[in-house]
Each structure stands twice: as C-alpha cells, then as structure tokens.
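For reference, the structure is listed below as structure tokens.
Think of it as A, B, C, D and E in the order they're written, each chain with its own count starting at 1.
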Amino acid sequence: MDPATLIGIGAALAAVFGSMILEGSSPMAIFLPAPLMLVFIGTIGAAVAGGVLPDAKALPKLIKLALTAKVAPPDRSVEILVKLAERARREGLLALEDDVANIEDPFLKRALEMAVDGTDSAAVAEILGAEVDTKRDSDRRGAKVMQDMGGFAPTIGIIGTVIGLIHVLGNLAEPAELGAEIASAFVATLWGVLSANLFWFPMGNRLRRISDMECAQMDLAIEGVLAIQDGSNPRLVEQKLHSLLPPVEQSKKEVA
Amino acid sequence: MDPATLIGIGAALAAVFGSMILEGSSPMAIFLPAPLMLVFIGTIGAAVAGGVLPDAKALPKLIKLALTAKVAPPDRSVEILVKLAERARREGLLALEDDVANIEDPFLKRALEMAVDGTDSAAVAEILGAEVDTKRDSDRRGAKVMQDMGGFAPTIGIIGTVIGLIHVLGNLAEPAELGAEIASAFVATLWGVLSANLFWFPMGNRLRRISDMECAQMDLAIEGVLAIQDGSNPRLVEQKLHSLLPPVEQSKKEVA
Amino acid sequence: MDPATLIGIGAALAAVFGSMILEGSSPMAIFLPAPLMLVFIGTIGAAVAGGVLPDAKALPKLIKLALTAKVAPPDRSVEILVKLAERARREGLLALEDDVANIEDPFLKRALEMAVDGTDSAAVAEILGAEVDTKRDSDRRGAKVMQDMGGFAPTIGIIGTVIGLIHVLGNLAEPAELGAEIASAFVATLWGVLSANLFWFPMGNRLRRISDMECAQMDLAIEGVLAIQDGSNPRLVEQKLHSLLPPVEQSKKEVA
Amino acid sequence: MDPATLIGIGAALAAVFGSMILEGSSPMAIFLPAPLMLVFIGTIGAAVAGGVLPDAKALPKLIKLALTAKVAPPDRSVEILVKLAERARREGLLALEDDVANIEDPFLKRALEMAVDGTDSAAVAEILGAEVDTKRDSDRRGAKVMQDMGGFAPTIGIIGTVIGLIHVLGNLAEPAELGAEIASAFVATLWGVLSANLFWFPMGNRLRRISDMECAQMDLAIEGVLAIQDGSNPRLVEQKLHSLLPPVEQSKKEVA
Amino acid sequence: MDPATLIGIGAALAAVFGSMILEGSSPMAIFLPAPLMLVFIGTIGAAVAGGVLPDAKALPKLIKLALTAKVAPPDRSVEILVKLAERARREGLLALEDDVANIEDPFLKRALEMAVDGTDSAAVAEILGAEVDTKRDSDRRGAKVMQDMGGFAPTIGIIGTVIGLIHVLGNLAEPAELGAEIASAFVATLWGVLSANLFWFPMGNRLRRISDMECAQMDLAIEGVLAIQDGSNPRLVEQKLHSLLPPVEQSKKEVA
C-alpha cells in the first residue's frame, strides 16, 4: 500500500486542528451536525445525480482505492520482458509457455498468452490497446467524479452559510446569541472548503496518478510483447522499454 | 429508468432542508417569489439567448432525459454480436436476415441491415461513424447548455442579492425591517448556488455520461458489424468487443 | 431571423426588473450614469485593446449578427444534393449547369460550379475545406471577443464598486447619505454581472452556435459535391449526408 | 502602427476616471505609492520568477509590441504571389530572381530565394513550416506571460488590501482615521483588478492576435511558394490562397 | 544558474514588505505561527495526498530545480551538430567516434553513440523520441503539482481565516481584543494568497518553461543526429536546425 494519501491528509488535518488549538479554540467547535450533514450528503448527492446507478455504487470502492492503492515499480516489468525476449530469440516463442505461468501481473500474462497462442500481432496490439484505452477512460471518469465533488463542496458549504445567515438575520431580536449563530453559519463554509481541498481534490489527483502509472505499465507490457513477437534484438528491446520509463526510474537503473 | 439523478438530487435537497430544520429555521423562508422568478427565468433566458429557437424547444426534453434516462448494459450487445458472428461464419452473411428482424437496438439493427444488404464495409464504417460523431456533438451541446446554466445561475443570484441590498440601503430609515430585508436579499444567492449545484451541473454531467455510454454502445455495434462483415474468427470478435467494455463490465463477465 | 436571443434576453431582463418591482424598488434606481459609463465603455475598451482596428470595427456587426442571425435548415441542402446526384448519374456532371444557376446557398453554388467546371476533386476538397477552416477560425475569434467581454465586465463592475466605496469611506462625516452612496457603489457590480450574463456570454455562445451550424452546412455541401463528382450511388449519397445531420433533423426526416 | 490597443486602453481609463469625477471623488485619491508599488512590482516579480532571465529581458519589448504592432494586410501577399505564379509558369522559376529582390516581406523573400535556388520542395515545406511553428510557440509563451500577469495582479492586489485591513484592525483605537485607512486598503485591490483587465489581459490577447495574423501570413507565403514551385495553374493558386484569407478580406476582394 | 526565479520572488517579497513599511505597519505582524503552520503544512499535505510516495520525496528536488535551474543555450548544439555533419559527409559516420567522446550534453552524446554504433535510424528516432515524451510527461507532472499547490494554498488560507472568525465570534464578550483577533484571522488568507502567487504558481511556470527548453534541445539533437545519419547536406542541416530555434536565438545568429 502506498501511504502518501493517508500521510498527506493526516498532516493537513493535523495542521488544521493544531492551528485551532494554538489559537485557543476547541476543535470540537466545528463538529456541528447540521453543516456536516449538509456538506457531505449534499456533495455526494450532487455527484450521484451526475451519473448512473452503477457509478454511485462504485463510489466507496473509488475512495478506498484512492486511500490505499499500491502500484508495482515499472522496472520489474522491463527486467522480465528483456529476459523473455532473450529466451524467445534463442528458443522460439513457444518456449515461453512455462515462464508465462509464473508471471504475476495479469495483464502482462494475458498479453504473453495471446502471443504464445499465435494471435496475429496486429490483433494483439488492437485488442490490448483498446483495453488500455477503455480502462483509461473509465479511470478518468472516476477521478473526474472526485474533482466534481471538490467543485460542489465549497458552494454547498456556501449554501449552508447563507441559510445560517438568513436564519440569524430573521432573529436579530436576540443579540446575545448573534455571535455564536454567525459562527455556526460559517462552519458550513469551513467544511465545504476543507473537504474539497483536503479530501476530494487530492483523491481525484491520486486516482488520476495511479491510473496513469497503471496505463503506462500496460503500454510497456504491450510494447514488450510486440517486440518479443517480432523477434527483436533483446538489447534493442531493453533500450526501447527503458525509454518508456519515467526519468527517476531510468536514473535508478543507470546507477544500478 | 436509471434513478441515480432523482436519488442524488432528492438526497441533496433533503440535506438542505434537513439542515434548515435542525437549525430551527423554516424551509418555507426561502420560497420567496421574487428571487425564485429572477433566478430560474434569468438562467433559462440566458441559456435560450445563447442558442437558436430549436435549442430552446429541446430544453424540456433534455431535462426529462437527464432525470429519467435508461441505458442498456453493453454486455448484452457483445453476446448478440458474437452469436451473429458464429452464424455468419457457418452459414454466410445472408443467413443473418432473420436474426436482424428480432434485434431491439435500432442502431445495431440498421448496421446489420446495411451489412446484409451488401453495402461496402468502408461505406458502412463511414456512414455509421459519421452518425455517431454527429450524435456525440449534438449531445455535448445539450450537456453544455446545462453546464452554462450552472455557470449563469449563481451570478444571476448575485444580481438578485445586489438588487436587494441596493433596495435595503436606500431605505435605512426603517431599521426594524433591515434584518428581514437583508435575509431576503440573500435568498437570491441561495437559489442561484443551489440550482447550479443541485440541478444544472449534475444534469449536465448526467447528459454527458449517458451520451458517452450510448456512443460507446454504438461504436461497439459498428466494430462488431465490421468484424462480422470481414468474416473474423468469432473468438477474436469476442476478445475485441470485450476489450471495448469498461473494466466493471469486464470483470462481471470474467466472474460469469 | 431566429428570435431566440431577443426572446431569451428579453425574458431575463423582464425577470430582473420584475423582481425589482415585486420587492418594491424602482427599476430606475439602477440607471445611474457613472456606473453605466464605466462598465460599458470599460468593457468595450478592454475588448478593443485586445485586437486590431478591423476587429474593433467589426464589433457592431458581430452584435447585430448575434441578435438577428438566421440559419437555413440543413435538410434542405440534403434534398437538393440528392436530386443533383441522381441527375448527374443519369445525364453526367455537365447536365447540372442549369440547376446550379438556381441554387440560393452561395457556398454550395460555388462548390458545384467548381465541380461542373472540371476542377480536380482533390483541389475542390482542399480549397473549399480551407475556406471552411478560415471561416471557423474567424467566427471563433468573434465569439471569443464576446466571451472575453463577459469576463471583463464583472471585474470592471468591481472597479466601479471599489471606487464608490473608497469615495464613501473618505466621507464618513455625512452618515445620512451613507446608505444611498453605498447602494450606488453596488450598482456598478450589478451592471458588470448583468451585462456579462445577460448580454456578452449568451451572445458569445450564440455566435459560436451559429458558426457551428453554418460550418456543418458547408461541410455537408463539400461532402455532397465530392460524392456527386465521384459519381456515387444517389442512395448512398443520401445515407452519407443524412448521417451528417444532427439527430433532431434525422428523426424529422424519418417521420416524413 | 495599429492603434487599437492605445485607443481601447485610453477609452477604458477615461471611463474609470470619468466615473470618479462624476461621483465627485478626485482621481488622485487612488495614486498612493504603497499599493502602486506592491501591485506592479509584485505582478512583474511573479511573472519574472516563472521564466528564465532572457524572458525577463524580453518583457519591455513585448509590452511595446502589444501597444504599437503593425500587421500588413494579407491580400497584398496574395496579389504578389499570383503575379509570380503567372511569370514562373510562362518563363520558369529562375525568371523570378529579379522580382524576389524587390519583395519587402523578409519571410516571403527567403521562401522564394530557397525555391529559386532549387531547394527540394519537401525541404522548403519542412524548414519554413518548422520556423512558423517555433515562432508560434515563442509568441504564445509571450502572450501567456501577459495572461499570467493578469491572473497575478488581482490576487496581489488582495494581498495589499489584507495587509491594509490587518494594519487598520490593529489600530482601532483611532476611529477618526478608520474610514480613510480602509479606503486606502481597497486601493490595492483596485489597482490589481484595473491593471489585470485594462493592461495585462488585453495586451496578452493582442499579442496572441498579432501572432496569429503573422503566422497565417507566413503559412500563406509557404503555400504560395510551394504552389509556384509545383508549377500550378495561377488561377488555382489564386483560389487556393484566397481560401486562406479571413472572410472579411475575402469579401473586400469580391467587391473589388 | 539562471537567477530569474530568485530575482522575481525577491522583488515581489520586497514589494510586499516595502508596502507594509510605507503604510506604517510592522512586517513581523504577519509572522504568526498558527497561520504559517496551517497554510504551508496544509498545502504540502494536500499536494502529497494527490500522488504516490516517490512524488512526495521528489518535492524538495523540484523546488530546488525551480529555484536554481540552468539551461544551456540551444545555438551551441546547432554549431556542434553542423560541424559533425560536415565531418560525417567527408569521412563517414565512423569518423565521428572521437568527437562523440568530447561532447558534454549526455543526451546528444548517447544519440550520436547510437548512430555511430550503426543502430537503425528508425529505432534511434523511436527510442530517443519516446525518451523525450516520457521526460516531458514526468516534468509536466512535477509542474502540475506546483500549480495544484497554488490552487490549494489560498483556499487553505480561507480555512484559517474562517477558523479564526469562528473563534472571534464565539468570544464577542471581550471587544477590546476583537480587532487584533480579526486581524490575525486574516493573516491566514494573506499567507495563502501570497504563497500561491509568489511561490507556487511562479515555480510551476518555471518548471514548465525549463522542461520545454530541455525537450526542445533534445528534439533538436534527435533531428540533427537523424540528418547526420541520412548523410544530409550540412548547409541543409544548418537551415533545418536553425528553423527549430526560437526567434530570439535566430536573430542573434543572423547578427553574428
């Protein structure tokens, strides 16, 4: 599990509550049921309304994915593919059958099975490429739902604050409670802005980032399998796959 | 009918009115004729002004579509197309004539009729592809009208609030009614923000989502019919169409 | 003339002034010379400054076009082109010479003249396609000027309000007129927001919409003329052009 | 020199100061050294920080270009190119050598020199096309710097206002000067919004507009020279270049 | 080292603190621990939460790169490549082996080594092109993290201000400290807006600018090596590479 999201959100929440304590106010002052209910149910309701029922059902899974996703380092795949390319060159494509059984990454496994089964390489490229494209579209839709929630939350918070102010202005006769009532009206804006910037936008960015990494991994697998099918020189396969790694992974490699 | 939009908007409205009741204010306080008229007629007027008359007439249909649309699950189409591919391979394209009559999806039916009629496959791809493109453009225009309304509504609400404040400031002589008058000035902003985030933006997102699903369905039908016309191996047709399904549908399939 | 823009702006203005009357304030209260001058001259000045002199001179024509444009229904063109395709197939391209003289749409007329004159079909496609592209670019620039004005207006309105508040704050000695002076400071924001959302943004959207319809019409004419030049089967020409019509026009056709 | 930017900014500034005078406040009230220094140095500093040193040095040249640029009308180039096409067809490419010497536009001159020198037409297209692309990228970067400044200015103005308000709130003991101090705090916001909407955004739009016109001119020159090199029919060259002119220039031509 | 970012940020900070001193307030008034902690830790936390752990670890390196990056002038590469093209034409590709050893730019060196080693020119183009693409994607992700921080910072500042105001409104009983407390609430907004506009946005722009320059340099190296491999005429190589230089570098060249 990659803990960046939990660490980041944890640090930001600590900063929020720490600054409250530093200023002498109680963190509990912002846990009021009315604004919490309005902001979270309102935001989720607006997001659900913008899709179809299966999208709504996928929402908890998306949140869990954003918080706890794990992505395999891409240099592992390069290593595996170069070894397979060497073997395929020496012993032929069919010799890979045993190695394929031991591969963990399900997409790479399926790609190699298609190649070993003798599927035409244009069909391999088309079918697997289409799969990456539909996965990317589907992932981006998920990330966009989170981004949309980040857009809805602050404005729904403003709805809560306006509702609160309208209530206050209609009861100006009791000036003693005015301050506390205005304060509680602002709590809705606080939760709207806080949930957008500490939860929804970061989770949306994270879903997009994970999807980009997974799709890059899949593109790398396709490139590698096609090169193996073509019987390319393993050194060239390595250079080619190496060029698809982000610079950080490349320099690690060079150091190694 | 997919109820996500009705459920989402219902939940969000319940959160708004529930939080009002929790805070002790009456939900009826925000149903004032002047701001309601200003925000809704102003928003719709601005949207109508940005198009041509037929666009304006299509608006009620768009709203109904966003609220009650129904989309067929794409895996049904894959099943049908694979069966047809098997039959076409065994008995020839003409043998599909009877099956075509029983197909419900009008676009798939028309695509198959063109194939059975012997239309050149390049022409089938061009004509049906152009149809999907014009449908997509037209749907996006509809979704964009809703998005634009989501942009107009809060600012038109601000117009109402500024008008209200100007009125209040011109009558400072009667301080007793000041609070209630400022409160009613804010109601316009409330309706502007509320209608944008609970009605127009979600409906715009929903129209876009439904259109994407329908166009993906149509693209899948085109791919399938072209593969049948080419006499492709039914197993390859299945893999190809399968790769066009979003990941959720794919895993359902794999489980089955 | 398509009256959607006049109807939409009229309805929205009626909502603004109607809500003022409902609240008991006089619509004349917002017709103050200083903010009107600031917002409208300021907005137009900022727009003029962002282009060259001919752009500035074209501005009144753009506004008139947005308010009163008229677009021919695209299904008329399909009908004409299919008839010409039938005749050209029976009697040859030269037989179209008389029909061409009677065509009203100047772009379609010129396209057919080029075809009848024997211009190479690749040159016809290139020259007419480039013409559509330059028209589209030029139209979008016009629409973007209006969109930019919609962006400038509210912020220039804020300039007016800040100027007004600075003036008020410098004269706190006369508290009796304070309310009226703050009110008149807000009138600049009102006109900024109102002109952006009721005039500039809708007009920009409208210019874009009209341009898209005209360019689609021209693309349809090019497709049709090229198909006639190629001697395509008239039924196929009809299907092809039909696939370029937006869904609304298509279903009208099917009903007919 | 095209005066649109000077006229537009002049008119907008006149509207700002005119509305101040109409409201009875002195235009000098907003010329305070602290906010002026903060907004202009802050905005330019943020822009300089976002590039490299040569970008910073190019800034004054960009501002001068935006204010005083001059663009030649594109129909002149069409005329020249058609005449050259006629001559090249009659007397051969080499006969253009004398005419080339008299051409003012340096890009067109260089393009013709390459053609007369016998450079391969694919190389002419590639080299000159790459030059237009790098110019376009470079120009857009310049325009984007101005757009970024338009984004920085209002928020830096807000920094000034917040600083001012913090100062005021720390000195509530002297209520007599409160009004004047709050007023001067708002002057920073005023200059931020004013400089963004009256200077930076219009200049950014203008730089983009001029660049688009110059690049279109260069594309037209390339198209024309390539057509001359191919020995195209001068009438076709005219139609082709004509199709690249914006509609306004076209209709002028047709009237003539 | 290119000092533009340090100069720009320094000038902007000087303007901020200078304007504070000019207005008679102490710059130390805004160095309060609670808002500083909230804004900086909150912003960085939100950014970290949107990526994976390696992204978080790369953040300090990104900030250092933005502040101190150095980019070699592209005209040096052109000179080197033209000389190599001349030599390769006279003495053959293998004669470049010694020159390659002396080249400083590691990317150009590797590109030339591949060419001298006899790698197929299509493979050279594909492998090196993919490397530039992955570098560009990776750099843009880094720049986008800074841009996102620029978006988070002001809203997290607003969280701090709302927290402060809620605290103030809950303690209206002590009016003597009210002013100072509201002032300190605004300090959070100040740091949010200041850090976004003076640190994060300029650094994001700078990272993008540097990446564009480096990628352009790499593209130029690829173009040059491919032209040398093709045995192109050195004068044509020079013209071609020259056309890839931004206009400023070009005119320097022409003057020289």
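We take it that a contact is a pair of C-beta atoms (placed from the backbone, for glycine too) under 8 Å apart; a residue touches a chain by one contact, two chains touch by 3 or more.
Bear in mind that the values here come from a model prediction, so they are computed numbers and not experimental data.
Note on connectivity: the fewest steps through touching chains from subunit A to subunit E is 1. Copies subunit B and subunit C of the same sequence differ in orientation by 70 degrees, per CA superposition (steps of 5).
Centroids of subunit A and subunit D (each the mean of its C-alpha atoms) stand 40 Å apart.
In whole angstrom, the spacing between the mean C-alpha positions of subunit A and subunit B is 24. The multi-chain contact residues of subunit E, meaning those touching 2 or more other chains, are 184. Contact topology of the protein chains: cyclic, one closed ring where each chain has exactly two touching partners. Contact ring, oriented from subunit B toward subunit C: the chain order is B, C, D, E, A.
Subunit E makes touch with subunit A in their complex at residues 33-35, 37-38, 41-42, 44-56, 58, 119, 123, 126-128, 130-131, 134-135, 137-138, 141, 148, 151-152, 155-156, 158-160, 162-167, 169-172, 184, 188.
Considering their complex, residues 2-16, 18-20, 22-25, 29-30, 71, 154, 178-180, 182-183, 186-187, 189-190, 193-194, 196-198, 201-206, 209-210, 213, 236, 239-240, 243-248 of subunit A touch subunit E.
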